[in-house]
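Chain nomenclature is as follows: A, B and C, assigned in order of appearance, with residue numbering initiated at 1 for each chain independently.
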């Protein structure tokens, strides 16, 4: 029983990690707290749902398209909202407000299309196979989700550390001025960052949608706040930190349920967030960044 | 183009102070400051008597602004002490150094409060001298409106003495560079400070405006106002300073009378290749 | 048209007006924080605290409304004072996240502390004792309070802190003190708004104190702008009466508000109220120029 819960915790934690990774990427590289990440999460899930249920696309293709769409929507936000704001001298406050506005727009689109209904994937989208060993039940879906998340995290790590794009992103994260001086095309790198971030968020959305087999327009909301917690606890700008923190949050939630205070699992998450903000705002792995004014 | 001569501003002795008037002046003792491993200030020590003018010069990046930041409290030194009129102000928070210590400053890249008019900017300079808080404002106590009225009067007088009164209701950040610099100086002077720190006050000014600032500084000769000026214009520094300190790579390489420093071999070496034509 | 029609029309209209005024109060709460440059998103959290306290006192203890509302404000101030020290040491995004999650905690607690708050079903039956005229007076007083504070030394300090923190310190402004004061004023007003709301709406549910409501408060304040205290009120009234002039586009309300937020932040960062005063400035300049031209030149 405990092992089962542990596995659940790891699973939910890893999906949180994907979402939070995208969040943290844009925050770390461009200093933009993009609350619309939650809306992208939701919209990608919807895209996957409609492609499968209405257009009868096979899951792998629908999945890919949904992820791409997630990335593209995020880029659209950069082009239409964040870049113009940037050129007009936006502060971190105003970019946050703008992202809140963008989030509202996107979520209401989802609401209007779906009519505020909870949609479920058609039976057979994912093969319904389960394994029962050692008192644990693992479904094919769960294995799929876990392997995709692990692969994606590894891929993101490789991208950030081994590819030119990744290095450019990390340079800009460190200092945009230096990036400019080194001849890095900051605007297109910013857009690539948004694309990857949106793709990650969208990926998390689709995975979560099939994991719980439900898609509805408010599904992304709780994740934004958990994403905040992951960023703060894990440390601003740290990929490892965010992953570890997300796992912690996933496990903490599961254990709250086990301990019978499941209702308060959000309070537990927020409580952890608060504690870290108060005592160790740089998080577990954060750069030694000045968090105080 | 200023139509008015810059006259010496009204200088009012401040009331609230617990400074010792026997030991006076500014003293730095072994100030050291590093940023992420980079040494900005290294064992900087000097004394400056009250009423004197100190010219602080040195190549770019020598640590002059960092030194000013340390004195004004915006930056805390890693080690060493700052003493003002016999009081150790090293650990004081920046606003206390300004308010109680009576240290005012201008900034290298002018820091006007955006969205405020020139008059309002200068009024903020008086913040520490005023007393009205939330309570007296909300309940409209008469002492508050009296105080406001006097404050505005004083601010206007300061503006007048710097030839700026025609700009009093203009948006401060929309004026020309030279005018903004003078407004910043007005903001620093309105509170009748004990120590005035000027960080490149004549940068971007015309020769005429530079002269006016020079005359302004000279007009304080013989008063109690101690002044520290960072400048690159050698002639300017030589004319106004009683004492000159040369900083290079965060270290004091010369400290003395202007003529002595000018001919100091290490100073010439530090400036090798830099042709200062504004002498 | 019978008397019943008129009175029911008035009842509906009455509630809408009251809601608009409550929204004005909340927008003014945010005003004080934004004016000092603090991105304080805790307004809805303290509103919930004020509303639930007020509701619980009225329903469970049967005290007069004023008592419940007052206690709500006091409790919020106490909690606010505890939180303010660690919170105000944070910068930018972290401050926003901290205040946002405070609101999240309050909402989660309201949802789950069934014994106290009756959980998701909420508190029902709070006596409706607050009228539109009460609210009008309160809003007017708050605007007046905001106006005299912001045109005084305190307001100058806030403006200085908002525009340039280091320069503010350099002129002797005790930044920590003024930020604390503005945060606490925001807290008190938000709690007041919540307490009043309880006695206007009869019902308090946890779902009313979440992120969407926070974004409404944001739009209200930012639409009017923070240049003048009357801005948030105008913004709140405009947005609150949206259902009226949106009519069949009602379903697009959230989307429109989202667009408004984005548009304001990019194109109208100072809100509506300044733009009008700028407009007036330009207008008078143009007219003065036309007037003085025919007169003899060289007359300065």
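A few comments on the model shown:
Just so we're on the same page, a residue touches a chain if its C-beta (ideal position, glycine included) is under 8 Å from a C-beta of that chain, and two chains touch if they have at least 3 such contacts.
Please read all numbers here as calculations on a predicted model, not as lab measurements.
If you draw each protein chain as a dot and join the dots that touch, you get a simple line with two loose ends.
Centrality by C-alpha centroid: the chain sitting nearest the overall protein C-alpha mean is C. Remark: subunit A and subunit B have CA centroids separated by 50 Å (rounded to whole angstrom). A separation of 40 Å divides the Cα centre of subunit B from that of subunit C. Averaged C-alpha coordinates give centres for subunit A and subunit C that are 31 Å from one another.
Across the assembly, subunit C contributes no residue that touches 2 or more other chains.
Of all the residues in subunit C, the ones that touch subunit B in their complex are 145, 148-149, 152-154, 156-157, 159-160, 163-164, 166-175, 181. The residues of subunit C lying in touch with subunit A in their complex are 39, 86-87, 89-94, 96-98, 100-102, 104-105, 108-109, 111-112, 165, 211, 215, 218, 222, 251-252, 254-255, 257-262, 265-266, 269. Those residues of subunit A lying in contact with subunit C across their complex are 27, 31, 33, 81, 84-85, 88, 90, 92-94, 96-98, 100-109, 111-112, 221, 225, 228-229, 231-232, 263-264, 266-267, 270-271, 273-274, 277-278, 281, 290-293. By the touch criterion stated above, subunit B contacts subunit C in their complex at residues 72-74, 93-96, 98-99, 104-105, 107, 111, 113-116, 120, 123-125, 127-128, 130, 132-134, 137-138, 140, 144, 148, 151, 187, 191.
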